[in-house]
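What follows is a structure written as structure tokens; I'll ask about it next.
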Amino acid sequence: MSKKLAGIFAPISTPFDNEDISLDHLKSNMRKYKETGLAGFFALGSNGESKSLTETEKLQILDVVLREKGDHQVVMAGTGYESTRQTISFSKKAVEIGADYVSVVTPSYFKKRLTDEALIGYYTDVADAVPIPVLAYNAPGFTGMTLSAKVIEKISRHPNIAGMKDTSPGNMSSYLSVCGDDFDVLSGTVSTLFTAMALGASGGVVSLANAFPNTCCDLYKKLRSADLEDARRLHYLLFNLNRSVSGSFGVAGVKYAMDVAGYYGGNPRLPLLPLSREGQQFIYDAISNAGLLGA
Amino acid sequence: MSKKLAGIFAPISTPFDNEDISLDHLKSNMRKYKETGLAGFFALGSNGESKSLTETEKLQILDVVLREKGDHQVVMAGTGYESTRQTISFSKKAVEIGADYVSVVTPSYFKKRLTDEALIGYYTDVADAVPIPVLAYNAPGFTGMTLSAKVIEKISRHPNIAGMKDTSPGNMSSYLSVCGDDFDVLSGTVSTLFTAMALGASGGVVSLANAFPNTCCDLYKKLRSADLEDARRLHYLLFNLNRSVSGSFGVAGVKYAMDVAGYYGGNPRLPLLPLSREGQQFIYDAISNAGLLGA
Amino acid sequence: MSKKLAGIFAPISTPFDNEDISLDHLKSNMRKYKETGLAGFFALGSNGESKSLTETEKLQILDVVLREKGDHQVVMAGTGYESTRQTISFSKKAVEIGADYVSVVTPSYFKKRLTDEALIGYYTDVADAVPIPVLAYNAPGFTGMTLSAKVIEKISRHPNIAGMKDTSPGNMSSYLSVCGDDFDVLSGTVSTLFTAMALGASGGVVSLANAFPNTCCDLYKKLRSADLEDARRLHYLLFNLNRSVSGSFGVAGVKYAMDVAGYYGGNPRLPLLPLSREGQQFIYDAISNAGLLGA
Amino acid sequence: MSKKLAGIFAPISTPFDNEDISLDHLKSNMRKYKETGLAGFFALGSNGESKSLTETEKLQILDVVLREKGDHQVVMAGTGYESTRQTISFSKKAVEIGADYVSVVTPSYFKKRLTDEALIGYYTDVADAVPIPVLAYNAPGFTGMTLSAKVIEKISRHPNIAGMKDTSPGNMSSYLSVCGDDFDVLSGTVSTLFTAMALGASGGVVSLANAFPNTCCDLYKKLRSADLEDARRLHYLLFNLNRSVSGSFGVAGVKYAMDVAGYYGGNPRLPLLPLSREGQQFIYDAISNAGLLGA
């Protein structure tokens, strides 16, 4: 299998209208994304507030993303639940409506008993049962769990586990040093895209791409062309912006940045709170300082 | 409102038969519990593997617990989801089939943005919307989140927030020193039941009560009668046993202890692994050493 | 060996005068403590800013404490360094000038390699070499290390390891359930004195005793006489006060409380900062609310 | 001021002979290092077991390092203590005998009160008092403390704070994005040297350089010449080796690797335990697999 997952993917945010999902706003966002350099989308991820959605809502959202994407764009669907059974069940539904990959976050509620052995079993069972390629998703900031290199070494050899997405700050070398050749590793944040790709990652799923897809794609291109000096400059610009947006305010920050950039962001679903006026100004200023107003 | 939540509550475990929930086994367990000194049950909690169940399964289980309990026994239903909306929606379903209380674990996926303000908003919104009393559930070992005393100080004044369950090791004084008078605090583990009640807690929801309900009730009674010397002896017996069972093996350990004690425990749902032969022997020996074989 | 370490001990704070240690202020404090119900003193502990002192300063301070204490009062000296060799060397100096016990905090700098085996070796080597009884000191809030029950189980059998002081929030049952009969366990904070003694601890080394020795002794007496209701009331009064003083401001808070209570507290040594005006007012109000102004 | 701290520095390990420091072995090691490509040395650091040494021992070691180094090689001396006063006092002694830089690890014992304000005050006071350039040293794995970007932003503007060494896994972009132009940032481990230099760091203080100085210098050279493909290959070789040596066994592992490589390593000082026979074999095999036996 040759490297397939490469480039920049937007972890699609879920538009709400007074707490209801708004498929219209989602469509409108997608039609704009279609015209960008994005390699594809990660639907139903952390940034999409997947954990705050019902299964029905998730399938509606995934359906819109699949219908509205560009032909060349790839869609990964976040399908992880706490039990193997639910993950498999929902993954099959995602397959039915056309997802290209399922991205399966580590279960985490029973973290004390989720040993390497349990996690290897989990990913193996899911990959055996689901007919499309599976990606592992390591997201310690959300789950309080970190996949060990030992787990990755093992599951990366499974013929139906195609890669992983990693949002941890310091495990990229560790994963890349043990995984098999056909295993695509994606950075889960623009903050580490530069170093991850230098180390051998093939791209990133980065929340800032929801608001500034083409600027994120520019960083990817500079990294591919090994234009290190230029890439580093753009890295720090996006690193600082990301710290002000997602780093300071999480999903609500990303959504407000989308509003500023001409997409529909809106409020996150409760209990996540909308941004204060000060928070909005802070993000607006950060975008302005980055020279990305009207970009 | 006078103190209502007092005594020992079993956090009902969910029997599986080859990965399917087994309502028959649940019924059979409940019929035995009915004859014990248990003050009631916590259905759909961590120990019940609630996070591994579908909503349909949850309602079936809750229904059996409500039907099979003794008349005097109280039922709390775990209804927490990550979004306010889903928590309220599922809580209302639990109310419809007859739950006495809803127990709402802290949301945790977006932990970095779940500030005191967001959590106060969350519990307030839920308590405003649900027609039966709400309990907060602090479970840092599962969620990676700890409710601050500030949150408890605030929400304990809400007329429809009746109390909390706490499984953290060192926050009991902190919560009891700020909560209002009508706020019932329950220990979430037999390991801290002794100190929690000395500090003013009114009882406990303790996983060991799934296997040894009457012994747990004995500890409660000794604590109520301020028979400190005797209570302390029993505390250490149960503390050590609990460390060998839940402390070492989590849900799978509790289930095996149930098997030894004559209830149906069985295996946890995957990805949680069943106990190894050595783990089983370890627990059997611990029960034997505690003098609780055949208890 | 019968239980010897019982009662309330003050972890003597170190008075500074413009960054120099002030033995005069220390003498004056000690003369007041002599008249209290304190069972003794812990010199050169965390609260004494021992880690900020030179060896020469430490010995001067210990000498004053030993000279000025009451005849019946016991003195433990904090003698832990990072290496076994330095700890033994300094412990012998403390013995020479008359300390009754040495209290040895866990080494912590090389925390990743300080396995149970290394720590058992450490305490054994120190206890073999030092001619007076050794106490282990578990202080995770300072060291980032927690002694395991396994270490305590082992070292509590050493004939020259007499006990331990524990400042962790949730390990007391664990230690008391494994330690030998002649092993005295002291709580390291007034916040857990009530529960620790209910569980079988024999007293406490509590920073608040630097400012309010007799009130702390009152709590001890009520606990000894099993006057649980009264003890609990006093527990919450001191728990809340302690949270405002040591909990909010650490050493600087304790020192200011001493100033308010008529002892010499003064500023901590840099880099610890003195209290702001607001911090001082906050502590003054907390003492006033506790009814301990002029106590 | 132009960039001065560049290249690979060995954090000199301290040879012990039956628990006594062995200056002879140190001399012999230094004479070999003199012939390598090392840009200099970090004496009295974590890897040098500085926290396990007396002040007298520290000065003896520093003196040997200064006498035996090559003319072009730079020496940084670790001089951090817990108090500002002791750090300044010892730094001045290091200056007297000829150190080029002092490297000051964050104080950490009073971590709860070591706010940004306290740390900025600390580094400012030290830099004001010491006549040679000061480096900050961020070592969360040892101290449990992480310097914030805000502290670095501030202190990097101090005319006498020349740079920092960082051993944390994920803060390099953060520090480099806020520090001033004349502030040299060094990676504190070979595991992150590749990414750190890609991001703009000027070199590294890496424990593996104690055993394999020239191979570490090779990685540095490849990175300087932007030979990314080759550098990445060497990165993974050293990353894997480092994980087996320092990552698995800490100081004892580095010392055994030195023994294998023809330097004197020996045992660490107690309470750190020497390597087991299995540990030794594990490291020998890792060196062999890396092709560095006899390198």
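To keep things simple, chains are lettered A, B, C and D as they appear, and every chain counts its residues starting from 1.
Following the convention adopted for this analysis, a contact is a pair of C-beta atoms (placed from the backbone, for glycine too) under 8 Å apart; a residue touches a chain by one contact, two chains touch by 3 or more.
As the structure is a computational prediction, the values presented were derived from the model and not from experiment.
Enquirer: Over half shared numbers or under half: where do the identical copies subunit C and subunit D land at their interface, same or different?
Expert: same
Enquirer: Among the chains, which has its CA centre at the largest distance from subunit B's?
Expert: Measuring from the centre of subunit B, the most distant chain centre belongs to D.
Enquirer: At what distance in angstrom does the C-alpha mean of subunit C lie from that of subunit B?
Expert: That pair's centroid distance is 36 Å.
Enquirer: Just curious, how far off is subunit D from subunit B if you go by their C-alpha centres, in Å?
Expert: 49
Enquirer: Residues touching two or more other chains, restricted to subunit D: which are they?
Expert: Where subunit D is concerned, no single residue meets two or more other chains.
Enquirer: Would you identify the shape of the chain contact graph, picking one of line, ring, star, complete or other?
Expert: ring
Enquirer: Touching pairs of chains, all of them, please.
Expert: All chain pairs meeting the touch criterion are A-B, A-D, B-C, C-D.
Enquirer: How about subunit A: which of its residues touch subunit B in the complex?
Expert: 19, 46, 49, 51-54, 81-86, 107, 109-115, 117-119, 121-122, 125, 141-144, 249-252, 269-273
Enquirer: For the complex, which residues does subunit C have touching subunit B?
Expert: 168-171, 173-174, 176-177, 191-192, 194-195, 198-200, 226, 228, 232, 235-236, 239-240, 243
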